[in-house]
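In the two assemblies presented below, chain A is common to both, partnered first by chain B and then by chain C.
Moving on, here comes the complex of A and B:
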């Protein structure tokens, strides 16, 4: 192999060499950081939310019939909805909820350990009806789920009385995620402990859920969550979560709207899968990933074309030298090998420079926030792709160079 | 060493056929120093290209060092060029990106020799042409004469039996040209056969045999040369 002479000759063509080296280096740095970002975001999208997402259907009922404004009408409709949905074939359980998880829309409030002088920390929460745990499909690791006595009286709709209760000490039995439990009680003894809100509302932790995401999975604390027992029904909008039996999702999904309109016509019923809602929530991530993916592909392609162009130019420029080499005994294979080795050396230096630039760019982006650390497999695969791309890009011009006839050596310029 | 019999070479374009060599026959013996002369377009370079296996021919036979090279494959021709022939070009044809050492090394690398034996051969070849001290220089740092001496070192480094020189002094002044001729004579005296194309009759006369080409054919100058007006021989003086 002519490594020595090729290496020395590259230093005689510094401009061309450094152009290719920098092109490869910069491409590697940008592509690896894009891939790291894509992979991280894909991992976030794909991670478990703790819920049985695949079998969950989100139903929204928005009444327009004036009858819903009448006292007790909404509540009666709500109770009937729950009964009718639960009785549907293929439905495992149903619950009501004020805001859907993974939707980007939710509520949060301040909480601290009851009786302490700590600063209150923000805890997202869901107001959910009976059968919440079974419907969500989350795993209860300690304590119990809600019992009928945990819920407020559904038929006591005296708002003034409720407001009075807000102002006085009021104890609610709640469920929290393991994350939230550990946040307040790092020693693992959260069960039975109490946390308090702004108006001296006190919550007693009666159950701990292993994992569940709140309404903002892309937020800093997606697992930070408490669930309050409630009947989130009103005359403007009521939401239900329906969990189907495995394999019966489609059947229930199609039947839900007709069934609810059969129960009560004076409303608009919207049925969506939780997976779809999650997809919508992550759509900005998905679009960004696609954009980054295309940028990476285009960068590699442009770099490849750049190498094709530079090698082609080099072949044309050195036609006479190729003829001379052929005259001196080089076979066609020797000529191809010469260009490929030359390219491999340049690609190798480019990759070495690129690895340094990759870490430099990663450090810079990480300090600005938002890019995770380089994962070695991504770096290695990218290096392999760049090397193969360099080889393929140089191969066609190199083959063309090998067709130069030795007689070129004696042709006058 | 080199025998061509009825060799024919025709260059064809869409409308024109040019007979570069026509029924061309020649025999060059081992150890000869043959100069090839003729006007432009007479077929000198075509003859050299075919002799050096740089170009194919249409008809005839060509035997080089006892081997019929008419039907060799591209790879086999590369091997013959590498092992048996050394080329010296008018424009030197050094590779500008390589230093003197690496330029002389080119034919040896294609022969697959080890680094130590290559180094020794290169040093000897550079010593022969008087450029041992310049082995790290690049062609652009050398004069024309020095570049041609590097090219000669490259031609002889593999100890080929046949040296083909295509107007080796064409781009040099007369002093340099004479130096190059001295070198070619030195190479020839060491046993290599030298075939040199030249336009310069003075340099051609330094060869052991001169051949002349015209319109792709070898011509016998003795038949065409007019009788001298003055015969310098003793017989002539006696008249």
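Moving on, here comes the complex of A and C:
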């Protein structure tokens, strides 16, 4: 194959060459940056939350029957709900909870090492009932889970539970994540240690959970979390978290609302899967990924069609030229190869320009704070795709060009 | 003359139907993608209430813990909401043209039709000024008056969507509705109203819809309903309902309309005076530090526009650039492949200018076709983006955006055509005749 003449003919038609080069370069730059964004966001959605999220169901009960306002009614109904849900076939365990994980709405409060003069740092927390650890499906790496003695007496204090600050002077046994344990006690000896909030309420760490996300997985520290033993029941709203046996999710999911209404009619029962709540929380990511995906596909398609168009005109323009070469003994394969090599060269230069543009664009977008760094595998795959696309796009006009009869050379238009 | 050129251009477009389609669709896609992104961005980053955004102020006071600043990130920043006590005290001022304390809560609504299950809905608790302050449009009835604030009278305002759902969209003014255990009379129904972003309360979802029901704020106290939005506290308080109202926890938003510079200054003085009074009484132990942010400063402070959205706009504009380069390339190829024909025309006396304009006419035709299809696609694109992000816009594509879109695609096609047309009109007549 003669590269010399191909090169020379390429640069005889400079404008066309550079336009293809520029188009391929820009397309590569945009596509790689889109893919980097998509990949990064998918990785965040896909990372482990520590919980058995596939089998978890979030239930909210909002009473409207005036009976709930009567002394002790809410608590009785709460205890009955827990018993009835637990007894449902397919349910592995159930617990109560004040605010749901992964939902984007939750509670947080200040804590510091007990007895220290440090500034308090913010720690998100969940108030959860018995069976919290087994229901969440999180892994306990040190210490123990909650015991009945850790919980406040339900019948003694059945008015509204503290949602903000617990104001009593007592010590609570709590669970924390490894992340939070290490944050307060970097030496790894958090078990049995105490932290305190405002007004001397002190927490003793009795167990450490390997990993669990709080209510804000996209926040600065998603694994920062403590779990307080509580019975988060009140006369306005009560929430339960249900973990099903593997494979029995659907069955339990549809049975929950009728079951709870059967137990107590005068309330609104909302049943959602934890996966759905997670999906909602991450929905801006999912939506953006869809858009970025569409943009990438459309862009490659536009560029591909553009190359088909530009190459076919350049074939038409060179009909007589092809005829002459065929007359002088060039085979059809030679002609196809000629156009393909020409295209390879252009695509090659385009990709080289594109790599530079990719990093330039990434730098610019990153300085605006929106885009992570380029990962080499993504760049390599995109280069391969662009190169194949260029080749395919040139193939169609090249094949048509090879059909030109040698006799064309001697005929005038 | 122009007609003849038009006929020739049409003929040329028809000669390569596939490539002409590629060109038209390419430019249409470029327009659609960039237009829908730019208009989406323009809406979320734009001014939600342009005619008075510099007169509406979000009020902040520093009632926070003397030992710790409210925000670790910016220790100079006062709390982002007010305590209930302070919000009610500010309502005593007669300086603002309109002002309202407000917050969000949830209540159980019992639909008028008994066969429908009750639902739990978000309620905005506010003063009657809310509607005048934010220029909220009404379809039926109107806001309650300030006497109803104080009573409080059992009246509510419904959003258009809620009225559709509960009363089938008819004029429901005068009808009653039970919320929790209290009967309320509908006094007004809003026209569709979707402030985007939800600037009056970005604390709880900046792109959430406006609440379905609006209610005089003092009903919360009558009905012992707590807020459902963000609450931050630093000082322990009594767990009862009144305890929360008397606490140092912040959970109430406050807006004031100050029309003149003079009002603004007097109001600032009033806030300073209030803080000093409270300090004397043992509260407000931090330095004087109130904020009066207008709508745009407030949105900027909240950082409602995500940097990744800006990145999306750049990507969309690059998309348009690729489409334009694509168009230039195809046009150039197409025009140059007709060199011999142009050679003949030149030899027969056509001027360079004539050849140039002939080719530009062809580009303009492609541009027009592209812009028509592109605009249709933009509409689809904007509604797709709205659906994707769960945002509802009162006015997704306005006339400015439409004309910008048409102008842009014509311009793109013409600019893209200039170089190829210039190349082709410079063809020497002799060259192409000789080689034939």
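Heads up, the rule we're going with is that the second predicted complex is superposed on the first by the 396 of 413 C-alpha atoms of A that agree within 3 Å, B and C clash if a C-alpha of one lies under 4 Å from a C-alpha of the other, contacts with A are read in each partner's own complex, and residues count from 1 in each chain.
Assume a contact is a pair of C-beta atoms (placed from the backbone, for glycine too) under 8 Å apart; a residue touches a chain by one contact, two chains touch by 3 or more.
Predicted model only: the values in this text are computed from it and were never measured.
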Chain B versus chain C as contact partner of A:407, first or second or both or neither: first
Chain A residues touched by each partner, larger count belonging to chain B or chain C: C
Contacts of A:327 with chain B and chain C, given as first, second, both or neither: first
Chain B versus chain C as contact partner of A:8, first or second or both or neither: first
Partner chain in contact with A:263 - chain B first, chain C second, else both or neither: neither
Touched partner set for A:218, first chain B, second chain C, both or neither: neither
Which superposed partner A:255 touches (first chain B, second chain C, both, neither): neither
Touching both chain C and chain B, counted on chain A across the two superposed complexes: 320, 412-413
Complex interface listing, chain A residues touching chain B: 2, 4-5, 8-10, 12-13, 320-321, 324-332, 334, 405-407, 409-410, 412-413
In the complex, chain C residues that touch chain A: 19, 22-23, 26, 29-30, 33, 68, 72, 106, 108, 110, 117-120, 180-181, 225-226, 231, 233-240, 249, 306-312, 314-316, 318-319, 321-323, 325-326, 328-330, 332-334, 336-337, 339-340, 385, 388-390, 419, 423, 435-436
Residues on chain A engaged by chain C in the complex (per definition of touch): 15-16, 19-20, 22-23, 26-27, 29-30, 33-34, 37, 62, 64, 66, 110, 119-122, 159-160, 162-167, 198-199, 236, 268, 270, 283-284, 287-288, 290-292, 295, 298-299, 302-303, 305-306, 308-310, 312-314, 316-317, 320, 361, 364-365, 368-371, 412-413
Sites on chain B touched by chain A in the complex: 45, 48-49, 52-55, 74-75, 78-79, 81-83, 87, 89-91, 93, 95-99, 102, 105-107, 109-111, 138, 154, 166
